[in-house]
């Protein structure tokens, strides 16, 4: 079972030959009990086969059981997702499922959500260090000229990754390259990392000055919200949009579309003032719950939660509502998508496996829009109730 | 049991009298099978008692089993966390546990991580709508004058929430108030929401013009990264810092501290250029894995992943490394922290229950720093290997 | 006259005893002619007395003649500015004066602009370097406790500067202090620099660890747009607001208020997407022209041009329009305000000298609003003309 | 002569036939005297011929006399600017000229400044409004396919403007196009506006759905700092860089390069924290003074002051310093460059007229770098003096 110390450092039990077994997981739980006094009884109860976890986790000792609530149906009229969907939401936050469910009903009864994957780019962004800005500029021109060779080097490392274009950004003697790929059904961070390493090695070997590089100059911007993500997309740029009937909104949500639009002006001004990553309500909630349920890399919520809401009050009083997610990083294959419970959740959406990533992206965006309508209305319905008597709307 | 359509809308089975049972969960899985054809076999296997899930999820049908890997020990010399810790990381991303583990070894062998909770603020930010900017300014002065009354109204709704101060921000006729609270061992979003509603109602009732308000003007900025979070803190502002021995870093990580610092300049420039929420490497990875394992509101990763790295190369060649997390929203009590597996994971850290939230926050920050050292070094060691021969550091 | 080289370096003529004379200016123009071949004929023609320029410029050789156009009247109903104003705009950009003039007519005929100085803060932001984050936090508490002493030290250096509050911001072992002052009729950068130096010296001498500091940690953020400026104000936070009659707007500007509001949604979404400092049209144009004319520190346009537009379409079809300038740094006294032409331009606004800075700030904001209405309408009137036939506004 | 009221509105005197005369200027000054009581004596003294001001200003009544100080020589080793330059700085801020002059000496004695124009893009950014996101995406593809036709339409309106590429950015049903041009020796805002109008009209006429558009969707982002400017350049992206001798810096500036670099880490962290447009010191100061002197559109300082400083401490103790200006919008021809004093100032730099815009851009960047070195050193030299005894640099 081999725990413990080399050089005085206690070591977590690990079997180099066969570490993904129930016994090894048990040994690690025993180790935890020994060192912390905590019995991991529930953590040790799982149905996933440890042998399937190689490549997903190291030092496996059990599972977190995250409760899943069911919401839906949600009617989606997308390019890839079409029909009524039931959504698994893994969360420990009370009311989340109920609130999204309410929004799904509104959207479905309004005729459903239109969804569109507008574009798709996954990146790795190395930086090359030249001797000065002039050489850096000329290096950039050289990269443009050798784009086909660079693409060949990159794509030789992957079956599904395709290099779309190389963005270039200059600071002093530095030339940041941002290699943009399509990555099939995978989120693609690893795939693009490997391909970009090959691209960089080719560049370094072939450029006359054999410039030094760092594989990431931190403008990728992996696992970090950024303005470049919002502008230039990371993962999928997906739009969900719906036109909400004025009467239906009033009946289901208790608010007028005029009030929603009035409040929208105030919330947009606030979002702009404080430098928010999202001028809407709470995209992170729905995305996180879907990501946990379906085996996405949940840390991507840091990037995926960015959003731009754009709405218009139509002359007939109906409400056009769109949300654009510029950095929705998702997969229908690879990563955690194939694990026991995660795969089932993708399957119930008809999204497991090859060819389904855009369908899944569209469903994510539709779910987000449902949550926006529900929370935004709830905030105002409360206000309405408490302040209905002084509502003189001729005052700004 | 399985009711269905009203007005043609299919309805998810729900028992208003007693919905948190294995039977009801099973009924919903059957409903999913009927409507999607998917058998939720693994999702239906769990040890958590459904009766404990009221307040955490609606329409419960089973669980996501998220594998947990073990990392550590991590030596922490904090105010609240002190000693060697073993860290549960729930993730499906291969190498994550191994990489953090490597960083923990480096930090521990360097003498450990110092951790400090610098300040603590949880907010709800309503907006009051006045007739013009002048009235809004005077309203703001009135709020300042009546701060004690407003505090009384807010604090009457909660045992553990305390109103620290009210920030005020003006746009046109709008006065955004940002009520800052300490919230004990809870993350506090709900607590502050309820308290702030009471505060707003008091204000509206007592201010001579009985101004209209919206409970959130979107500058809270709940579940959204923002610049105001970075400046003014949301949740805990926590710092982890360590001084890394030059020789040790070279031996364990394969990089020189000079190279790390050289690269740091480049990565900071890149982060600044692209408007990143974090000028470090990948705080979101470690935080997400800890959040899932310990029952945090994982959607808070959208805010919590923001970070500022600050480092110095010391005259003796050692490397001072700090990371500041300005929006680490965590709880040791309430929310999902008391669920079956989640509680066990908090217990193994000695962080379950009352009085432990700052200890947990410190551990989170220390884990993040471990991940920073590991990934940053890995990026450069690769570079070093491939390019060791042309490393003329007299070139910028 | 023209001394020259020491150590081979050619030196610009300079008379240490009496350098602010027409002769010395002429000597320098001769020096320019000698070294560049350029005859500075027009530059040498000025009415300002060189003797008045000490403290405003070094190595004076003549003037830039910047043409001033006249706009107005602009009716302002402010706290400090009240009545009809004629505005001097120094610019070389054709149509600027005409466009602002058009906006002034619209605003005046709509009843005038309400203006309000909401708050006023000028800053200098030193950073203290402590040994770690814990010491930095405790240092921060010490600063709070000794605020009165620090204020005394700071205010001893100035007659008109008053220390309002000290904001504190932590990164690792660093404690950035942002000392906020009111500065009377001066913009106050120099005054606050001197006062803050005294404050820092007092802190360093009296704090037990005598911590090292840098007088600016770059969060002031002098001569640089920043998010902290938008949130926490730099100089004056000023609002200009007006309610525009629907019929008048259509008659004078050729656009419907509905169209303006529809377009506003699109422009706000765009501004948010690209991370703009200003979600309005072109505040910088009017401010720059006024700043040059009136002897402001024109480099402050970098900060002053930030703005938040907030509008509402009222139920009766009229249009409420506000613009909030969070960083309007201006002076009515000191700096360049007393120079020959600059003083005349301030005088024609009734803003020269003591007690007039808020009046001037209000006029600036009103001028900005005039420019917003004019340009925003022009953009749309063009569109309207070219596309009037396909304008189906039921489409988003 | 002063005509006046129509509909009760007092009107500024204006002669439609011949308004650009000394008499008309005098009439307007008389009008000002009549309405404000202010005698514009100095404003009325100028040598510029009013007849040359058509196209630069309306309602001309005189000039602002802005004092010019002389700095230099500044040695520049650029692609376009090469040699020793004397710089005219129009300012009313004391010490500005002296401080820049000091930096110029340092840079010149260090061997001079390398300058590089990295890229050049001027934009106008219309937005097209489609019926939904899917149609917007397809519209985008159509634009790509018809890029040559669009270019032809745009370029037919201008001799010197060339359309480089069309960036596309999606929000909901909106397709923002950002047309990037090179504009010869002009700043190009008007040129690109006219060309883009033609492009839009062509698109609207030829696209099957004849979509509505707005000529600016506010992502240009004219006269406003923005993140998109920093990333994708507006005007010229120019780098100035120098390697500063350790001993020389100590002798001239009184600081060690190690101290400069230590402080740089702190200032970069601060700049990142507060969301600054510029992580350096005060680019706006030098740029504004040059812009006023040389007839640039000074309002562009709002955009031009953005900068990214990137530095490295070299192993031998010398200091590599670069500054990158991503949005330096300048002209050597057109606008105010041909006016009396402005042209002389451009001529003394050898930058007046066709073919000189990149030379002028390089000089601007070099001047900025001079100011950075001077102010950054001054801040620290002060600190050094006051705190020289406790400077234990082994503490972070």
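Before moving on, here are some points about what is shown:
Read from first to last, the chains carry the letters A, B, C and D; within each, the first residue is number 1.
By definition in this document, a contact is a pair of C-beta atoms (placed from the backbone, for glycine too) under 8 Å apart; a residue touches a chain by one contact, two chains touch by 3 or more.
Given the structure is predicted, the values throughout are model-derived calculations rather than measurements.
More than half of the residue-numbered contact pairs at B-C reappear in one of the options A-B, A-D or A-C, namely A-D. Ranking B-D and A-D by contacting C-beta pairs places A-D first.
Between the Cα centres of chain C and chain D there is a gap of 16 Å. The distance from the centre of chain B to the centre of chain D, with each centre set as the mean of the Cα atoms, comes to 40 Å. Once the centre of each chain is set as its mean CA position, chain A and chain D turn out to be 38 Å apart.
For chain A, residues touching at least two other chains, in rising order: 132, 169, 171-174, 227-228, 231, 241, 266, 268-269, 271, 273-275, 279, 308, 310, 322, 396. Of all residues in chain B, those touching chain D in their complex are 227, 230-231, 241, 243, 258, 262, 265-266, 268-269, 271-275, 279, 308-312, 314-316, 320, 322, 393-394, 396. Looking at the complex, you find that chain C touches chain B at residues 79, 114, 116, 118-119, 132-134, 136-137, 169-174, 227-228, 231, 237, 239, 241, 275, 308, 310, 322-324.
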